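Both of the next two complexes hold chain A, though its partner changes from chain B to chain C.
And now, the complex of A and B:
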């Protein structure tokens, strides 16, 4: 269980990125993390990974996250965290050495599925291939909690859909995914729970089962939570037209 | 142990061939410059003076300095985050990021020693060529020894019995190697760190040790020794990010 209690993050400039986040994510969950730009999604992930200092408590099965248990978390980010000069094969060897639970079979299968070259330096990959490789590494590390921050930015729709399908097929029951994305409609059938962040706070937290029972779609839930005004565009256009 | 060695892979892939390339390029440039100025020598002089004069006029120590600065620039590459955030991975490895930084510093030191060795080999080759090219009566079997004792740049490359200079060179390599690894470490954690630039310039200026005085050698020893101690402490205690 990944537990966050009253997690706060204020940057040196004084801006508050996280304002008392409470969240529990259990084993086997696939959680979508949504929110507008600047809502705190990336900051939240970086705090979980210990990449940023924060106030509050973050615990993994009751233990603070330290170098001893950090390998239970993996991270796929649109900023990319691989070594550009290494080949995919060299990454595999490197990860095998540092992450004892590295899933070599999964790595090989995913590399094969996406037809990524094993012997070329990753820097020579296309943007889409780099994203795929980043996610492959995160999925193959052998982590219990896989954090993904906008991992498919730059990939085409077919590519992304393939990936969701493959992901659902390969995940073990105890593997947990926390996926931050703006592609709400795309992932709604893939996730089991949606967490909405707004101005550094959890504004909504619901399972897709609950949504189904209520007869609502994920987009409706998001719009309601954010109090989205549907007439916003027409009013703005009207005002603009009047002025002219 | 294997895990520790494996953290060197990302750094080694980016540096080894480049450092060898720069080393050979610097040695090649020195050979060319030396031959150019050696060809213009006064044929009446002694072999050792002809060699010393060609080394001085060809400004071989400047080429060495330029090569050293280039090597330092290459050594910084593995830790730099150019379009990627490798730091996110480095902080999740089985080896502590600080230990990894020190290991990369060790690898850098080794590469700097290789750079030094290649320049020394070139200097030895040039000296041998010089004595073969000169008439036999202008030199004797001790000329090579004198050449490396009396030419400041050659003496710094191969200090022979001069242990303080040997120690200074080794400490200089370690200080430069460590700071080349520490600089991107601090950058990754949002801190400014320019020790490398300062040390590289000092090492370049101090390298062709003047023979008459041990002041520059003493200064180098003190400076490089203090820099190593400070850098290790700084890497070890300042782990948290500045946001």
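And now, the complex of A and C:
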């Protein structure tokens, strides 16, 4: 269980990125993390991974996250965390050396499925291939909690669809995914739970089962939670054209 | 031998052209040593020459000036080892480059910082530079000792200053 209690993060300039986030994510869950730009999604993930300092408590099965248990978390980020000058094969060797539960078979199968070259430097990959490789590493690390921050930014729709299918196919029951994305409609059938961040706070937290029971879609839930005003654009346009 | 090279590569960032850095550092070290030797020979030779006065037309026709003393060792040494200091500064700057390398083209520092081996990033960013820095310091220390032996050996008997380590005067 990944537990976040009253997690706060204020950047040096004084801006508050996280304002008392409380969240629990259990094993095997596939959680979508949504929110507008600047809502705190990336900051939240970086705090969980210890890449940023924060106030509050973050615990993995009751223990603080330290080098002893950090291997239970993996991270795929749109910023990419691989070594551009290294080949995919060299990355595999490095991961195998540092992560005892590295899933070599899964790595090979995914590399093969996405037809990524093993002997080429990653910097020579296309944007889509780089994203795929980033996610492959996160999935192959052998982590229990796989954090993904906008991992498919720059990938085409077919590519993304493939990935969702592959993900659902390969994930083992205890593997947990926390996926941050703006592609709400695309992932709504893939996730089991949606967490909405708004101005650094958890503004909504619902399972897709609950949504189904309520007869609502994920997009409706998001719009309601954010109190999205559908006539916002038409009113703004009206005002603009009146002025002119 | 191969394992030693592999061990050395672990002191530099992954994918970093570490063998080029080691070769460059070795070259800089050799250059520093050569410059230091040249500068020291010139200064020592000049100081020894100053102890003599010409007595004839030929260069070898010279006598020791009565009461003449050699400058102290630090004065003879002067800035002969300054090139090692420059090399050390460059190596220190390289360790910063090692850190920045992890932010070029991707954020591989994110991966390095979440490894179970807490010190892996620090080892790979500072380890190689520290080793080369130690080699530089060792080379400078060896030359410092050798130069002192030369200083003692080439100073004519009775011309050593009362305090060979005096920083000024002599």
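The rule is short, and it goes like this: the second predicted complex is superposed on the first by the 244 of 244 C-alpha atoms of A that agree within 3 Å, B and C clash if a C-alpha of one lies under 4 Å from a C-alpha of the other, contacts with A are read in each partner's own complex, and residues count from 1 in each chain.
Here is the rule we go by: a residue touches a chain if its C-beta (ideal position, glycine included) is under 8 Å from a C-beta of that chain, and two chains touch if they have at least 3 such contacts.
Not measured: the values here are computed from a predicted model.
Superposition note: with chain A as the common reference, chain B and chain C are in steric clash. When the shared chain is aligned, chain B and chain C each come close enough to touch A:90.
Contacts of A:217 after superposition on the shared chain: neither chain B nor chain C is touched.
With both structures placed on the common chain, the touch criterion links A:38 to neither chain B nor chain C.
Using the contact criterion defined above for the overlaid structures, shared-chain residue A:12 touches chain B, although it does not reach chain C.
Look at A:52: by the touch rule set out above, it reaches chain B but stays clear of chain C. Of the two partner chains placed by superposition, A:117 touches none, neither chain B nor chain C.
Clashing C-alpha atoms with chain C appear in just one stretch of chain B from the list 4-12, 40-48 or 130-138: 4-12.
On chain A, the surface patch touched by chain B in one complex and by chain C in the other comprises residues 49-51, 67, 70-71, 73, 75, 77, 79-86, 90, 94, 98-99.
If you check the complex, the residues on chain A that touch chain B are 11-12, 49-53, 67, 70-71, 73-75, 77, 79-86, 90, 93-94, 97-99.
In the complex of the two chains, the chain C residues touching chain A come out as 13-16, 104-108, 110-111, 113-118, 120.
Against chain A, the residues of chain B that register as touching in their complex are 2-3, 6-7, 9-10, 13-14, 78, 82-89, 91-96, 240-243.
Touching chain C in their complex are the following residues of chain A: 49-51, 67-68, 70-71, 73, 75, 77, 79-86, 90, 94, 98-99, 123.
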